[in-house]
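Here subunit A shows up in two complexes: once beside subunit B, once beside subunit C.
Up next is the complex of A and B:
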């Protein structure tokens, strides 16, 4: 059934090639974003568009499936964390034709990306840059650790990074 | 004479520089004057004093303040110093705290890192003259108050964040006449078990 969902989305030109989430210490998502780079869209629209997480109902369906996929990979990430002391864990799991890459910070914040294209360098640099943005948010003494990141500036920056790397 | 200063303030207030746009690594060379910090710290200690009923509560408050700092230090210093590496072993985490963290906070490494031989889950970081206590003298009626509980809180924030939960406290230990401060770290049993498994 998952393949059906993806094919419906593809037909409507609304595939979401990249889903990115940041998961906190209690497996709680603190940030989520989907980057659909619209190469299939017509030229009237912006050539690169990143959609905010709340959109049409088809996107929401695909959206929750992607989140489900990423969350199901959390167990694998938990195991991999103790096997390596680098933050970038590369591809930790697969789902159909998609890959799930992960990056876990010193403070065990899990940055997860669901992607179709395997581009290790770009993904590694993307994670590193998002981590730097995350640390900047952390430095705000009023930011409660492990809570959702609601800063729109953070969101804009992350989307710019997605455009830069993907 | 004050007018240009006020004008400058008003002009810069409109430049709303968001926290994510500010550079992170520039702050690495920033140092704060000891007197400024000591003044702030003494105010923090006195502020806490008016809100507690017992000395352990007082230390607890200072520790809680340090905790949120420690959690942030862990991520920030990893970004600045360790080039995207994460600690997975107990001893390397402790040496990270003993050297890197102490150096970045206080300007020099801690004096000692010891393991208590009788207990398998207790470690101590010793500092001959811990910076935060430099201008603090504790009168006798406050008992065993050690304001380095603040630093113990920082360490607790770091080890908790790195998934090595522990109880961290600060104590005075007499040594060669003067009082030495020891940060005692008692790890939870599951941490020791996991570490044994990983290092064997």
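Up next is the complex of A and C:
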């Protein structure tokens, strides 16, 4: 199924998007975004319902598939945390031809990226910068820990980072 | 104006001599005070009132420290008072300088503009707290401090960066000059 999805994308001339999520301590989603080169589709938690369903049914299918893939790697991420001294865990799992890289903060917030290109440096720096943005969110007294991040400023900045690194 | 420059310099001098505290600690402490008040009182308007009251009590005591450290003499008029607050007072305690503008015709009201405010670093105000004046403690501080030097004022926020404005603005209105009272017990 995934191969069929990829071949459909290739026919449509679209490159497979990067999917980025932040997952909290109870495996609860904190933030989600998809970045595709050239096309930015907003796929935050709130807008899942508003994704158009007619011609882009492949996109919505692909959207949930990516998240599902990332969530299935959560166990592997948990295990890898204790094997490493640094927050950046590099590639923790694979799915078909895609890779799943992860970065886990000291507070056990799991930052995960689904990607096809293996660009370790860019991904490492991306994680580091997103982590800085995340720390700033934590400093906001109104932010409830472990809750979804709804700040549009955060979303805009994360997407800018994606453009910068990918 | 030379008077302004004089207070600018005085502000810097005083600031360099006082003890400092870590800015993040300050911001985070204030943030948790506000959060706790919101949890306790639940009504945003009540939180505004409480913040102002807290500020008032701080101001009553702060003025002594301020006058002792800064050695400013008596202000000739309310206009000078405003400059001293903006350039020396704010500098000494918050390391910011305010701008005094928008005087009314009788020189009894002015606006204090704050370009930056250490209390609101990293803070984003959620929609449901839209009526909160987050830094309202500052209004109270001004009111308390000025009352101790015989000026009764009304202070309120009119603009705040957390609400989308590009700077924060406090309106200060002089209500009356208090006559010196005889201490109780004197016949």
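Couple of notes before you dig in:
As a working rule, the second predicted complex is superposed on the first by the 144 of 166 C-alpha atoms of A that agree within 3 Å, B and C clash if a C-alpha of one lies under 4 Å from a C-alpha of the other, contacts with A are read in each partner's own complex, and residues count from 1 in each chain.
Throughout what follows, a residue touches a chain if its C-beta (ideal position, glycine included) is under 8 Å from a C-beta of that chain, and two chains touch if they have at least 3 such contacts.
No experiment lies behind these values; they were computed from the predicted model shown.
Within the superposed three-chain model, A:86 lies in touch with subunit B and out of touch with subunit C [touch as defined at top].
Shared-chain residue A:136: touches subunit B and subunit C both.
More subunit A residues lie in contact with B than with the other chain of the pair subunit B and subunit C.
In the superposed model, A:157 lies in contact with subunit B only, and not with subunit C. Taken together, the two structures place residues 136, 139-141, 151, 153 of subunit A in contact with subunit B in one case and with subunit C in the other.
In the complex of the two chains, the subunit A residues touching subunit B come out as 81-88, 104-109, 128, 131-141, 145, 151, 153-154, 157. Residues 136, 139-143, 151, 153 of subunit A touch subunit C in their complex. Against subunit A, the residues of subunit B that register as touching in their complex are 18-22, 24, 68, 71-72, 74-76, 78-79, 82, 84-89, 92, 161-163, 194, 198.
For subunit C in complex with subunit A, the residues that touch the partner chain are 24, 27-28, 31-32, 34-35, 121-126, 129.
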